[in-house]
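The structures considered in this document are given below.
Each of the next two complexes has chain A plus one other chain: chain B in the first, chain C in the second.
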Partner chain A sequence: MKYQSQQVAKLYFIAAIGLFVGQILFGLIIGAQYIWGDFLFPQLPFNQARAVHTNLLIVWLIFGFMGAAYYLVPEEAETDLVMPWLARLMFWIFLAAGAATILGYIFLPYADLAKLTHNELWPTMGREFLEQPTITKLGIVVVALAFLANIGLTILKGRKTVINLVLMMGLTGLAVFFLFSFFNPTNLVWDKYYWWWVVHLWVEGVWELILGSILAFILIKTTGVDREVIEKWLYVIIAMTLITGIVGTGHHYYWIGTPEFWQWWGSIFSAMEPIPFFMMTVFAFNMVNKRRRNHPNKAAVLWALGTAVMAFLGAGVWGFLHTLAPVNYYTHGTQITAAHGHMAFYGAYVMINLAMISYAMPLLRGREAANSNRSQVWEMWGFWLMTISIVFITLFLTAAGILQVYLQRFSDNPMPFMEAQSKIVLFYDLRELTGLVFLIGLVVYIASFFVGAKEAEAKTDGEEVVTA
Partner chain B sequence: MNKPQSDKTKGKGLAVAGEGLFLLNLLFPGIPLLVLVYLYLRHRNTPHLIVECHLKQPLITALVSTALFLLINLAAWLSGGYSSLDNLVSIHSLVALEVYTLLVLLPFTVPGLLGLTKAISGQCYRYPLLGRFL
Partner chain C sequence: MAQAFTKAMARNIFYGGTAFFFLLFLALTFQTHSVVPQRDNHQAISDLVAKGKQVWEEHDCIGCHTLLGEGAYFAPELGNVYKRFGNSTDAIKAFIASRPENGVPGRRSMPQFHLSDEELTAVAEFLKYVSGIKTSRNWPPTPQG
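Take a look at the complex of A and B:
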């Protein structure tokens, strides 16, 4: 660690992992509710537990991105963070607001939460992923503005690199597109249209810039490949991301009441969306193949390569599977969407956060470059358990989705939704079991922070330890 | 002095082309395979391990993936799809597309991708399963 102010990242990383655990526990609860419909009812209805699962995901990923930025930006800019105190203050505000909102979801009926937070004054609640009370949304904006000011001023003060600028673009985009969550028109078509500006333009737009820049940073640090080479790749990847991702929003506009041309535009551009992910995989493996040194933090390299492959499979291949309008006519809103969502989020955003944490945490905890060998072995076990689990979760959900499409939308006597659900419950059983394996993987991953903590750090065979 | 270097560059270029055409053939089966066949026939005697690794292997694997593509579509046709021009986008062709994506595109793309990255780095790479038989 080169700058003392980078230390604030540690707080964000710890919170991110804590919230990740919560997300997985609630995932298991709603997974069980798919099997036993009245599980924990009426104390924790499905809609509330699902909101907690998805909101925790978003919040912990943002905590992770913020931690990554607080670690990465000073190092790239070659200067301390301008206001580390503000980063600490915002951390506690964000954590308190997030925790209060989650507790509100858990302990109050959603309508009561809306009443309590005076949603009627500026109604923004009630939409998937954007369930947060308006007051929480305003809090998020304040935190985001403070965060961007902190990061932006640090970049202005120091060295401007492509990685910093791409990351800044991504984080600014994240904040700007969140503003559309405040726009809640009564016209349902308009509502959905702009709702996707938050949801789609985040995950298939600006978040990919954040992903690309963090991946580039880790690869520069762990492979020693020239910055110029990595930056050229990054330029092309972000260009392709924006070219395909922005108009690709059209794949959400097929059936919501928008003009029919979106079926063409959405199909063509979103069919090209796997390209940047494909390039990211080629990029990551190419850089590792060309590496000038063997970094002792093998776990971080594994996460970096893993994110490239899994993002391509989850976001790219599984996205393509149901993105063409004629296919999507049958598949939209089925378990095929859930399959895509699980693998894409894990591959692209969970793994890049864990890659950054894996790279930075040893340094933030006073190591020269990497954890001990034993700690890394545990971490890699966590990697494989979680990654293989998510592959199987995706496969089971895909099978469930295919059967659901057939029973509910295609067969000569289409079944009602709940009847079709009862026919695919076997896949939900399998998904739940695999989810438990995922939880074990997560526990092993967390244990890796404590196992071998006092042992000497790993060295590369026959080489000196490469300092970060 | 320069000859070995230019041979190496040429070998690398061929290797990248071979893996690239293999991947392209997964998306648009047919023409990239023909180009791959042409490249292989033209360079099959080139004494580079990298050409053997990144031209012959993708060619044979592309033949397998194209055969699977034809088989899947043949099944769609036999079960009533593609009966007329109006029927090109039907449940049969859509199921064929899904089956092809899940069972062929997915398992063939990942080795192709790894092969491409190795080709760019000038290294040899054996595909899992199929590569062991070649």
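Take a look at the complex of A and C:
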């Protein structure tokens, strides 16, 4: 850590991990409701618990992105953050607004939350992932503007690097496309059409810019490879991301009342969406192979390589699995979608956040470069437990999805939804058990922050590695 | 990557490619706007349907159900529920109104939302309107959704 103001990142990282725990606990609750339909009913219906699970995910990832930005922007710009006080203030506002909203989901019937926050004045609630009351959405905009001003002015003041520029573009895009969440026409086709401008253009668009720039930053720091090389890769990757991903939005426009031509545009372009993810994998492994030094923070390198692989598998491969229109005709809105969602979010966005936290946290806590060996061993156990769990969760949901498609949509006598669900409950059992392993992995991961905290830092095997 | 391929070239591909494909996306959106009115059943949208959509949203129905395949996967698809229920808004209303307060032991159950008759009518009319949206290949594949 070179600049005092980078320290604000720590707050954001701690909050991110705390909310991550909440996300997983609620994941286990709704996973249980798939098995025992009356679990916690009627006190906590599935829809409210699911909103907690998904909204906590989104909020903690954004906390993580903000923390990453507050850490890496000053370091890249070679200057202190212009307004560290604003970053602290916004942290508490964002946390309070987020917590209040989540508590509202848990303790109030959703309709009461809508009434309490006067949804009727500007109805934006009740759409998937955008369940937040309108007032919360407005709060998010305020926080985002203050955040962008803070890092934007810091970038303007200091050294301009490609990483900062790409990160800034990604974060600006995040804020800009969020504005479509305020557009909610009665006409369902347009509601859905522009809803995807938030959801798709986030996760298959601008968020990938954030992912790419953070990954590039970590790789520069941990491998010592020349910045020019890394920046060139970064440009090529994000170019492919947006070239394929923007028109790739069309894979959501197959069955919602939009015209047939989207089946061609959507299929062709989204079939190419794995390309940038594959390039990211090649990039990460290439840079680590060409490293000029062995960084003592092995855990951070593991997370960086892990995100490159898992993003490709989850977003790339599992996305491709059901992206072609003739396939999607059968799989749309089934457990196949859920399978893809879990591995894609974990691989791309959870892991990049944990990679950044892994890299930055030791420095924020006063270490020279890395945690002790023992702490890193715990962290890597957390990595493997969580990562292997998500692989199996994805496989079980994929199996459930294939059966669901067959029973409900493909066989000669299509079964009603609930009957089909009762036939595939075995896979929900397996998913829930695997979810418990994930939770254990998360506990081990969190323990790694406390284990070996007083022991000496890990050392590198050799000072310099021979460069090829 | 080969030395002949410079960072400046990569940057230009990024900016040029993004601009080009975003404009293409806008053009396709524009084209969509001209075609959708023939299939979106907008003529069925009334004040009652608008009210119904608000009832739908304020009870977070999408948190369990899918609607045209989007939403949660915990409860049945509702884009075609009007047809599945024999083209009857009364059947939809009766179903929602009769959900047991404390659920069904061991099974998934829809909450009892205590909707007024007007709200029930509105949400049923909304679902009827949705069933009239012309989806490609008449998605969903079967009446079961």
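To be clear about the criterion, the second predicted complex is superposed on the first by the 462 of 468 C-alpha atoms of A that agree within 3 Å, B and C clash if a C-alpha of one lies under 4 Å from a C-alpha of the other, contacts with A are read in each partner's own complex, and residues count from 1 in each chain.
As a convention for this text, a contact is a pair of C-beta atoms (placed from the backbone, for glycine too) under 8 Å apart; a residue touches a chain by one contact, two chains touch by 3 or more.
Every value quoted in this text rests on a predicted model; they were computed, and no experiment measured them.
Colleague: Once chain A of both complexes is superposed, is A:Val317 in touch with chain B (first), chain C (second), both, or neither?
Modeller: In the superposition, A:Val317 touches chain B alone.
Colleague: Touch check for A:Tyr330: first (chain B), second (chain C), both, or neither?
Modeller: both
Colleague: Would you sort A:Asn289 into first (chain B), second (chain C), both or neither based on which partner it touches?
Modeller: In the superposed model, A:Asn289 contacts chain B only, not chain C.
Colleague: Touching A:His53, do we find chain B (first), chain C (second), both, or neither?
Modeller: A:His53 sits against neither chain B nor chain C.
Colleague: Now for A:Arg431: first (chain B), second (chain C), both, or neither, which partner does it touch?
Modeller: Touch partners of A:Arg431: none, neither chain B nor chain C.
Colleague: Going by the contact rule set out at the top, does A:Trp265 touch chain B (first), chain C (second), both, or neither?
Modeller: Once the two structures are laid over each other on A, A:Trp265 reaches chain C alone.
Colleague: Of chain B and chain C, which one contacts the greater number of residues in chain A?
Modeller: C
Colleague: If we overlay the two complexes on their shared chain A, which of chain B and chain C does A:Val236 touch? Say first, second, both or neither.
Modeller: The second partner, chain C, only.
Colleague: List the residues of chain A that touch chain B in one complex and chain C in the other.
Modeller: Shared contact residues on chain A: 330, 410.
Colleague: Going by the contact rule at the top, pick out the chain C residues touching chain A in the complex.
Modeller: 1, 5-7, 10-11, 13-14, 17-18, 21-22, 24-25, 28-29, 31-32, 35-36, 39-42, 45, 49-50, 53-54, 56-64, 66-77, 101-109, 111-113, 129-130, 133-137, 139-145
Colleague: Spell out the part of chain A that touches chain C in their complex, as residue ranges.
Modeller: So the residues of chain A in touch with chain C come to 30, 33-34, 36-38, 41-42, 45-48, 50-51, 109-111, 114-115, 119-120, 123, 125-128, 131, 162, 184, 186-190, 192-193, 228, 231-233, 235-236, 238-239, 242-243, 246-247, 249-250, 252-263, 265, 329-330, 332-335, 337-338, 408-410, 414-418, 420-421.
Colleague: Within their complex, state which residues of chain B touch chain A.
Modeller: Interface residues on the chain B side: 89, 91, 94, 97-98, 101-102, 105-106, 109-110, 113-114, 116-118, 120-121, 123.
Colleague: Going by the contact rule at the top, pick out the chain A residues touching chain B in the complex.
Modeller: 278, 281-282, 285-286, 289-290, 309, 312-313, 317, 320-321, 324, 326-327, 330, 398, 402, 410
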